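Shared chain: chain A. Partners: chain B in the first complex, chain C in the second.
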Partner chain A sequence: MDFPVFHLDGMGNRWLIALIAILHVLINHGLAVGMMPLVAAMEWYGEKKKDPRWDNLAFQILFVCFLITTTVGALTGVGIWLSVSLVNPYSIGSLIRVFFWAWFTEWLVFITEVCLILAYTLTWKKWSERGGIWKKRHIRLGFALAFFSWVTMAIIVAILGFMMDPGNWLTDHSFWTGVLNPLYLPQLAFRTPLAAAMAGIIAMFLILFFTAKRDAFRNAALRAVGAWTLAFAPFVVVAGWWYYTSVPAAMQGNLGVALATMEFEDWQTKFLQIALFTAVTILVVVQFAISRPHLLPKAALLVPFVAILWMTGHFERVREFIRKPYVIGQYMYANGLRVDDYALLQRDGILKYATYSNPLTGAEKVGLPENLTEAQRSNLLHRIQKGKDVFMDTCSRCHTGQGVNSISGILQKMFGDQEWSTDLTAGTFEFMHYTRPFMPPFPGTKDELVLLGEYLAQLQRSKAVIPGAQSVGITVNPVSAARLAETKRQIKGDAQ
Partner chain B sequence: MNPIPVPRDIPLPMPAPEPILVAVLVIFFLMHIVFVNFMVGGALLTLYYQLRGLKERRYDHLAYEIASTITANKSLAVVLGVGPLLAINTLYTVYFYTANALTGAFWISIVPLVITAFVLTYIHKYLWHQMERAKAFHIALAGIICLLFLFIPLIFLTNINLMLFPDKWASVQGFFSALMLPNVFSRYAHFILACPAMTGLFMVWLFRRKDEAEIDGTGFGRAELMRKGYQWALWPTMAQFIVGPIAMLTLPKTEVALHSVWAVFGVAILVSLGMAHLMFAETRRDAAEIGRSFVPICALMLVVVSLMGVGRHLYREAAVTPHRELIRAKTQDYMGKAEEAKREADAAAAARRKK
Partner chain C sequence: MSRYSELLRRSPHRATIINAILLSLLMLMINDAAVQWLIGVVVLALAGLWILRRALVRTLSAAVAGDSYHLILTWVPGLLAVSLALLGLHLMVTDAGATPNLWLGWILFTVELVMLVVIGADLSPSNKSSFGAGARA
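Moving on, here comes the complex of A and B:
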């Protein structure tokens, strides 16, 4: 890899992205895309019925959304970028080169969205007091906000869809072929009603806080928002089915391997079960809220909410299935190496082209075999150092040393307490992409496989945590330094 | 000395001609940083006036007026930062990502730190009147917000500074060692001083447009409030005449000569002198006259800020250009080799299939 390797050995690099992204999707779908049209509709309804209670409730719900979306929502959005650029700079760097204008447009829409939510929230009281045309304008502002929230999602979904299946982009390399990939519409169609239903459930939960138990308005509000939620439920099912049936076709391009298919079938079955469970809980709880609103405990609404979260989470996981072993379908593997790099790296070795080395720490050197002469020890450490670089450059984007999805855990499961000799490990890694089709093939030479094996044998002895460049820094490979001098001479020569 | 690393770039073409990306970077960054100035300066001034409000009640009202503006300004600061982030990712991919990785733990902590600062800012503003009885706690909250707002820019600055100096990459071990690189603290001081100065101008704008009833609510006269704004703008700007040149002179030497950078900053200093003169004149004016030079002052500030942005970009280019040539050569060389190896492998695979 050609960037210093940021690495989290405990939670794992992917979890850093996942945590931030899950939080963001949750807020974006539940509190922005789905909620803004609901709030605007409530305000409109209150104005139509000349009932200030609706207005009041709509404002209270909006204020909660405002507080959360402009803090956690906005920052987790930026956080996805920051975390991906740390964990897999190659993939995000490539995506930005392709999708710059999509992101740029999304950003302009995002600015509009932020200005609108500020205006919508901060002018609510003033414009409502003025009444008449001002109130109508305010309601229109709400629907404009709802529209722009949806547009930001519509743009981002194109990029997500692209990562799963770049479609014709691989041959065409144009922006629009990337955007109009085959999974775009089904995904957007699924997320839209999902967001609306999610917002409905959250709004019902908030209504229980903002209205009194015996208040007749609570019943009316729960009924109306319940109807909203139920209205979107069938669309979730229909669009979910569309998406679900589009996935295998998209997947065939990547994998046709039985094992992956089996795993995918497991995913599908589970998705169906969770979707069914979610649909039933929504139906039951919403029906209950409509028919017996005064008996509805707050906790009851948590059930469909958690079910929707579970379904969304499981739904998001499909991207991994379709995508793996790639991070950008058929263009770049999950380790950040391009498919087209493989021939070179497997011929000459990855270390030859690695600019950086990841220095071994004291803890990582613990437990070296005894009875070695100083020369043998130094030679072994040199090889372990190289093995560590192979690990960091080819494995560490998905695997930790000791934490989540750790290589130690996997090897322990495979080989137990016996010594993880290079015969065992290198032999396994050479062919692992056949037995584990979600993994990229090993990109280096056979010698590098052995070096990797020696490092892992040392990892078994040291049980050390692997630090990232963010704490121990990097060293520059001497090969690279020599080549630098040569390149400098060349550039000077060209200039003359 | 550590060898200078020359990594490869991402082998995909730029999505737009370079000048367009540079324009996006420079223009939107300046818009972003102005709102960051309002946000950080607003937090500092709020704390200051809240403390003065302990003795004289009307300062507390003034603090509230300023605090009320932070929440909108902070939202604009964040959202306007995304565009330049996108452009810097594209234009300086290797430099920016490398600096990010080397200070990774602090870099990613920007997310929770900013969230915390924003949530506290909301609590501080929206529970202002409820917290009247717990004034010490309320002020402590403002203090924490200020500390967070003062620390977060330091992370950005450290990163942006580190990115310019590939010769330092191998010697950095985490955020704190990157923090100690030359020029970080002088640039930081330059930025921090700009916060009250910009917020001072913002105060003038704010109190110029408020209606009489709102002005009366603060317990100050309009001219008094505007004068305070001008004073905030003036004195930190005066200090910039010392700090600015220090930040400029401590810039690490580059292979390329920096004449254009010096020229741009030189003009900026001259324009600033004119602006400071007008600010000073405004602080001396009476109620009938004050505010007369507001528009010219803002126009000059726009010129100064734009020159700063241009100078900053010219220096960045001077710092990385020779190294970027090396990267370009290395990437080309690598891509040539990769293509050749792929052809070789494809031919070998085709030959095997024939057999």
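Moving on, here comes the complex of A and C:
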């Protein structure tokens, strides 16, 4: 609670991360990790067969990848960490402490990857014209680029796996136990063929734009890329099973909600059927592309293209949700509070350790009960202000006031139009983590639960949007300010 | 009529495709999961063995031996078709009654049975292309 609370009340903080991260994964897996080896293989095959059509096609596909990965891909890559730092600085802080050297290495690898894709794209024509040893060097450059693209993913997957299940790191806190967490290898084994298959499907779609309808080469290219896709498909299935069975049982219990939403939790079987149907449809279309490419209508290739993007995007959403109530498994809850700090916070209250306060706006004060004396009104506003701070520090990482996954919407569903009294809300929140295991336990005291209830009662009256610190600013909590000043004095004293 | 005869004469496996579709329709009409499963497995085993033999012959031929790309084209489509046909059959026989699973399973089984015939024909020793459709490419 040492950072001002960034909050988006419309789309919600989670959607900000999800939109950027999913877009990045689609680009990273589909156009970099999977596509670079495919492009290099096409260039190699063209050289081997002395067929310049393969070379032209490979370059055209590479150019699309080059444009997208060096713009949207690079921006969303940085954007993920920026948005995560804004939304949950505590989790990113903890991750940086554990994975500093991994991130540093990844940065070096990423810079190398950028240099390689620049060199690979920009030297293509010149080195191809020179031919001979230069063409061979260029092909090697392509495979080197493919390798470095994969290494960036291999490093980041360690962090993603750690966030789901840190494994033995919880007891020995060493870098390598963090990296080699129980989900690292299964997840890497799954993502690698997934990226290759995804690239194959995207390449098949692009082939339609870069070859003429009656060109016999279109059929040969579709068949070859279809074979590439199918060759990786069994590995996706096998590694997917390994990954699924490695996920802790408690997380698998969240699958119903993770696949859809709380409202459609019972649809788990139906959803899995839809996913199976989608996967089978992809395979059937690819199968046709191999056996009878000339019979395949252009629109048919849209199906696997859209389907693989949807499935990969949804897989990321499930992965993000399934680890609830934690943001870092067993170590930190989704609200950014460490599991080990709960005992202290539940004893002293969270407000005691909240450095900042989130001032009520005029809209949030609308609808206060009438016939209050000035003193009563002032006292009530003071309590509502504290309740708002509790909400911002403990709920707002996942819930909005009026937008996506809003607390108003949830309470409306639970209690309808009756007054959201503190008895109703505080009583519910105290034990909610038992009935909804993806919710963290309430971290504060019982008094703070009541304060939260009073704020929510006011939210029902005001129906106000809750702005974040980025739009209304913050005030420093007087208690914390005194504590911080004391801490600073002590640090200075120790240093002297 | 002569046009259809000509179509069948040019590619004899087209007659097998018609037979495969008719057999699949019969299986749907039987409406008995155990019998459907039995017939389906036997048909798939026969088709699988037919393709296995042709794939082995092609694998050992000088044109394909050692060429990983052609090895993939020789083996992967057939393996995938058998796997998907089994999945279709499983979906067909799991739920009783006219459920979406039955229809989806039947469609998948039929499509994959047809694909097996097509793949078998493509792997025919008389087909000199690297893969059947290559002749059309």
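FYI, the second predicted complex is superposed on the first by the 439 of 496 C-alpha atoms of A that agree within 3 Å, B and C clash if a C-alpha of one lies under 4 Å from a C-alpha of the other, contacts with A are read in each partner's own complex, and residues count from 1 in each chain.
Operating definition for what follows: a contact is a pair of C-beta atoms (placed from the backbone, for glycine too) under 8 Å apart; a residue touches a chain by one contact, two chains touch by 3 or more.
No experiment lies behind these values; they were computed from the predicted model shown.
Colleague: With both structures lined up on chain A, is it a clash or a fit for chain B and chain C?
Modeller: Aligned on chain A, chain B and chain C fit with no clash.
Colleague: Count the residues of chain A touched by chain B and by chain C, then name the partner with the higher count.
Modeller: B
Colleague: In the superposed arrangement, which partner chain does A:114 touch: chain B (first), chain C (second), both, or neither?
Modeller: So A:114 only meets chain B here.
Colleague: Tell me the contact category for A:423 with respect to chain B and chain C: first, second, both or neither.
Modeller: It touches nothing on chain B or chain C.
Colleague: By the touch definition at the top of the document, which applies to A:220: first (chain B), second (chain C), both, or neither?
Modeller: Touch partner of A:220: chain C, not chain B.
Colleague: For A:284, select first, second, both or neither according to whether it touches chain B, chain C, the two together, or no partner.
Modeller: It touches chain C, and chain B stays clear.
Colleague: One more residue to check, A:233. First (chain B), second (chain C), both or neither?
Modeller: second
Colleague: Taking the superposition on A as described, I'd like to know which of chain B and chain C A:292 touches: first, second, both or neither.
Modeller: The answer is second: A:292 touches chain C but not chain B.
Colleague: From the overlay on chain A, compute the angle at chain A's CA centre subtended by chain B and chain C, rounding to the nearest 10 degrees.
Modeller: 130
Colleague: Touch test for A:76: chain B only (first), chain C only (second), both, or neither?
Modeller: Once the two structures are laid over each other on A, A:76 reaches chain B alone.
Colleague: I'd like to know which partner A:3 touches here: chain B for first, chain C for second, both or neither.
Modeller: So A:3 only meets chain B here.
Colleague: Tell me, in angstrom, the smallest C-alpha to C-alpha distance between chain B and chain C in the overlaid model?
Modeller: Scanning every C-alpha pair, the shortest chain B to chain C distance is 34 Å.
Colleague: Which residues of chain C touch chain A once you look at their complex with the stated criterion?
Modeller: 69, 72-73, 76-77, 80-81, 84, 87, 101, 104, 108, 111, 115, 118-119, 122, 131-134, 136-137
Colleague: Please output the residues of chain A touching chain B within their complex, sorted ascending.
Modeller: It comes out as residues 2-6, 16, 20, 67, 70-72, 74-76, 78-79, 81-83, 85-86, 89-90, 92-94, 96-101, 103-104, 107, 110-111, 114-115, 118, 122, 175, 338, 340-344, 346-348, 353, 355-356, 468-476, 478, 480-481, 483-484, 487-488, 490-491.
Colleague: Help me check something: in the complex, which residues belonging to chain B touch chain A?
Modeller: It comes out as residues 2-8, 10-16, 24, 71-72, 75-76, 78-83, 85-86, 89-90, 93-94, 96-98, 100-108, 110-111, 114-115, 118-119, 122, 169-175, 177, 325-326, 329-330, 333-334, 337-342, 344-346.
Colleague: Going by the contact rule set out above, which residues of chain A touch chain C in the complex?
Modeller: Going by the criterion above, the answer is residues 45, 216-217, 219-220, 223-224, 227, 230-231, 233, 273, 277, 280, 283-284, 287, 290-294.
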